[in-house]
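Following this message is one structure expressed as structure tokens.
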Amino acid sequence: MADEQDVRALDYLYEAGLLKRYRRTGWVVAGVAAPESIADHSHRAAIVAAVVAELEGADPQRSAFLALFHDTQESRLTDIPYIGKRYLKAASNAEVTADQTAGMPEGLARLIGGTESEYEARESAEAVCARDADKLECLLQAVEYREQGTDTQAWIDTSFAALKTSSAQRLAKLALERTPLAWMHEARDAKSPK
Amino acid sequence: MADEQDVRALDYLYEAGLLKRYRRTGWVVAGVAAPESIADHSHRAAIVAAVVAELEGADPQRSAFLALFHDTQESRLTDIPYIGKRYLKAASNAEVTADQTAGMPEGLARLIGGTESEYEARESAEAVCARDADKLECLLQAVEYREQGTDTQAWIDTSFAALKTSSAQRLAKLALERTPLAWMHEARDAKSPK
Amino acid sequence: MADEQDVRALDYLYEAGLLKRYRRTGWVVAGVAAPESIADHSHRAAIVAAVVAELEGADPQRSAFLALFHDTQESRLTDIPYIGKRYLKAASNAEVTADQTAGMPEGLARLIGGTESEYEARESAEAVCARDADKLECLLQAVEYREQGTDTQAWIDTSFAALKTSSAQRLAKLALERTPLAWMHEARDAKSPK
Amino acid sequence: MADEQDVRALDYLYEAGLLKRYRRTGWVVAGVAAPESIADHSHRAAIVAAVVAELEGADPQRSAFLALFHDTQESRLTDIPYIGKRYLKAASNAEVTADQTAGMPEGLARLIGGTESEYEARESAEAVCARDADKLECLLQAVEYREQGTDTQAWIDTSFAALKTSSAQRLAKLALERTPLAWMHEARDAKSPK
Amino acid sequence: MADEQDVRALDYLYEAGLLKRYRRTGWVVAGVAAPESIADHSHRAAIVAAVVAELEGADPQRSAFLALFHDTQESRLTDIPYIGKRYLKAASNAEVTADQTAGMPEGLARLIGGTESEYEARESAEAVCARDADKLECLLQAVEYREQGTDTQAWIDTSFAALKTSSAQRLAKLALERTPLAWMHEARDAKSPK
Amino acid sequence: MADEQDVRALDYLYEAGLLKRYRRTGWVVAGVAAPESIADHSHRAAIVAAVVAELEGADPQRSAFLALFHDTQESRLTDIPYIGKRYLKAASNAEVTADQTAGMPEGLARLIGGTESEYEARESAEAVCARDADKLECLLQAVEYREQGTDTQAWIDTSFAALKTSSAQRLAKLALERTPLAWMHEARDAKSPK
């Protein structure tokens, strides 16, 4: 592989580092004191995608892979809040991805580009699950921030309404009935493992 | 699926939320003012795994999947710093994963448990790439924190020395020669896309 | 005055509160650990505008007023980083201001709208000084962040090159020769005031 | 202009940078996790002053100018909390301003000093509006922090009681009836601008 | 004293600096946005110990001294959260202290080691008061974080139940009836001291 | 003990909680991104006092006790930076302590008041060591912040010059030769304890 291709692959990894620095804008607007990063969100979204896909009988690994990359264009587009969408016309994720992968080894460019096109097409079961994972992750986080004092009801309602799969809907309903740390309190009362 | 299994699946997702709150302990020790979370690290590690596996001719999706989950036991074990390992004897990741997945739908438990066992076995090409991704991600972050003023040389050296694949070693060498924002300065000078 | 007009005036003040929450995106990209807000920047920019205008023989109060409002559209547009400008086509500041001031008492809408149009026209001496203040403020902050460990040379160079008035250029040159806390060390050594 | 005068003007701008770093002490006492800076407060206070002055038929530009500088002495005095005032006897703002402007070009010293003396005299309509802006801004922020989980009722009550102009009182009453993000939810439901 | 012994004494002081950087893990789990450090907790715990011991007729200075050091082993063990104790078997505090004080001047090693053994033995009145101080401090902090929006009831209940001395129990009951800033509001209404 | 006395004792403990929230002002001025609290400083200062006193042949427990309380008046006085001392005339620590302890059980008031008077008198060996601890702690922290990128040389020089005891001077000299994490790197290379 040519050295210049290596440089482009490396640059992509440095670029992905921006996703750790950018806070999710919606939470900044909501007034959360120390909001999560885009990477934070994407990490759990990928795990949620695996779980939802498994429950739906889709390929969990593929769905997680789509979710892993679903916000990677935001290193260039930033995370535009709802109100901003009235005023900003963004290049498509496909255009951004093309720039991000230009000059990479061809297989790598195809691998990354493929996640973008499948996710945006909203057709495969894996894409549908990954999109639900994006919303369900947001709902879980909204519940967590609500427990920490911030009013996030608008985020909960919007996320809930956007869910498509019955598994994600079922988990979301449960999430509203159960508290985020319930698992820990139960584990605390369980017998010690040794 | 029984409701109790849903609860266990949901609880796993809430538990994964802790990975956003826990800071990577090594950076706290190093004195970084606002260190990344475990989820931050895991997100880019999964992307790095996909890239390294692709370059190595392994399955990038599987490798990313292993990296995605590789620190999920730390919601219960915390991120123990190097010095702490002299004083703390931890349950195995297998034991923690067993507790985390107990009561889940069987397919889901097997899916998650399978990432743990393959990653720990260090045998498959995908596991080797995922482990290199863990180290290479740390090296990239160390370079970034160094540019932001903190002395992270010890982390750079340790991470570099631990790399096994030639692709990861090649990218690591490049990472030390190139600055984290070089891609942006080059993109800035490029022609506008429209 | 009709109550609805009051509501619109009040809403403008709540909207301006977002400028305290939004971090200046450039510093996030640069890796500053706890970057200033847009309001932080705008406050000193307005003071800089008064100083530069006074030195240039322009109206300092007018220039400060222009600088005070110069980024207020970012409550809806966000602070788009340089790289983002390749991918995002933003509504004009005039359009955003029109939305922000719609329904306000007419005098108030004209007052706010007038700052936008004068600033964007870049013609009056006061607008030129306010624009220089925007850049000079950024340069001062870049020097301060550099002293705190982050490499901000690119911001210093870009800001310096954009200055138009000889007063701003003179102050910028001095800023690079003198350290941000020099005034304090000198005041410390001065005689006590009482 | 002599070079030494330039240095003093520049030093004033560096000194103003401290207002970005100092947190408003009252919010620290209240337990707000990431409190705003003095500059944050002053920026919106200046905008509030323009609005209130316009509604009161006073000169909005002058009132904003007074508000812009109204806390600039705190770079030397710090933001002393209420309880601290029982124990600390502070130099007058006039004395601090005299030190801050000593050695500056005479016109600039007079410009800055003039804001201090007019604001402290509490006589001109513009000073009265600027003082109301200081209080109204605090009330708005208190409402915002309350929505984010902190009990700030004492700050709301104290700020409300201190307002003098009927415009500020009217806006304050509205502020307590309306939520900080109401404007955004309404804009979200409005037709797209294009 | 040999130079090597000085180095070991100095290293102990640098090591203690880690306690300022490590956040108390329980609050991270609870979702507090900017949690206190171990040093923060230990400082007030030592003051609480002095107060409780004085009220109980024990030696306040000794009890404060025990509390001052009671978490110093956490520079090596970290602050393991409740759930983590199921999975981590830690070396004893005695073992850690032995390592921390190895090579120090003998009197110093004995001084520090003595706090550990007395505190862990739970026998002397001073140790009992210091242990109550650890719990009462946690309860006070939990009340403070609750006022700032986070649900900390589980921490309040657990801390309360662990108190042994009647003085600490009495103060804890009062703490739940009175608000953290009551003292300030009363001081505010009192006559000025001059 | 009368209930009112309990309330005063409790209020003192809540008041001490402010020391966790107040950042050390000098570091804010220096531009440290996330500066330590007054409680953070006081905790290590008390440990330093014990070490220095032990090395000097004074009573380490008494010296630590003095250091523990040495900044407790700052809950009312705040931490006034050097430049502020030119403009603020503070009540004496004795006056503040008298207010803080008014109404407490007499023994408790005497205990706390005694630390203030002995520390301020600067006569006992324990007071001299506690004062050196205040300075040496500041020097250690300055070295640590320097390693993290901020220029703190002025703080190092001032602290060093103020030291009185030969033990503190010796440790300070060593602190400048040795890095803050040296102990950890050495412990890392040592044999495992088990």
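Going in written order, the chains are labelled A, B, C, D, E and F, and every chain counts its residues from 1.
In the analysis below, contacts are C-beta pairs under 8 Å (C-beta built on N, C-alpha and C of every residue); 3 or more make two chains touch, one makes a residue touch a chain.
Computed from a prediction, not measured in an experiment: that's the story for all the values here.
Any chain that touches chain C and also touches chain F is listed here: B, D. Steps from chain B to chain D, taking the shortest chain of touch contacts, total 2. Its interface matching that of C-F in over half of the contact pairs by residue number, B-C stands out among E-F, C-D or B-C.
Annotation, chain B versus chain F: rotation angle of 120 degrees from the Cα superposition, expressed as a multiple of 5. The distance from the centre of chain A to the centre of chain F, with each centre set as the mean of the Cα atoms, comes to 45 Å.
The centroid of the Cα atoms in chain B and the matching centroid in chain E are 33 Å apart. Note: centroid distance chain A to chain B, computed from Cα atoms, is 16 Å. If you average the Cα atoms of chain A and of chain D, the two centres end up 39 Å apart.
Residues of chain D found to touch two or more other chains are 29, 31-34, 83, 86-87, 91, 95, 144, 148-150, 180-181, 184, 187, 193.
A list of each chain pair in contact follows: A-B, A-C, A-D, A-E, B-C, B-E, B-F, C-D, C-F, D-E, D-F, E-F. Taken together, the chain F residues at the contact with chain D in this complex read 18, 21-23, 25, 28-29, 31, 76-78, 80-81, 83-84, 86-91, 95-96.
Residues of chain E that touch chain F in their complex: 1, 6-7, 9-17, 19-20, 36-37, 39-40, 42-44, 46-48, 50-51, 54-55, 60-62, 64-65, 68-69, 72, 91, 95, 99, 105, 107-108, 111-112, 136-137, 140-141, 144, 170-171, 174-175, 178, 180-184, 187, 193. Residues 29-34, 82-83, 86-87, 148-151, 154 of chain A touch chain D in their complex.
Chain F contributes residues 32-34, 144-145, 147-150, 180-181, 184-185, 187-188, 192-193 to its touches with chain B in the complex.
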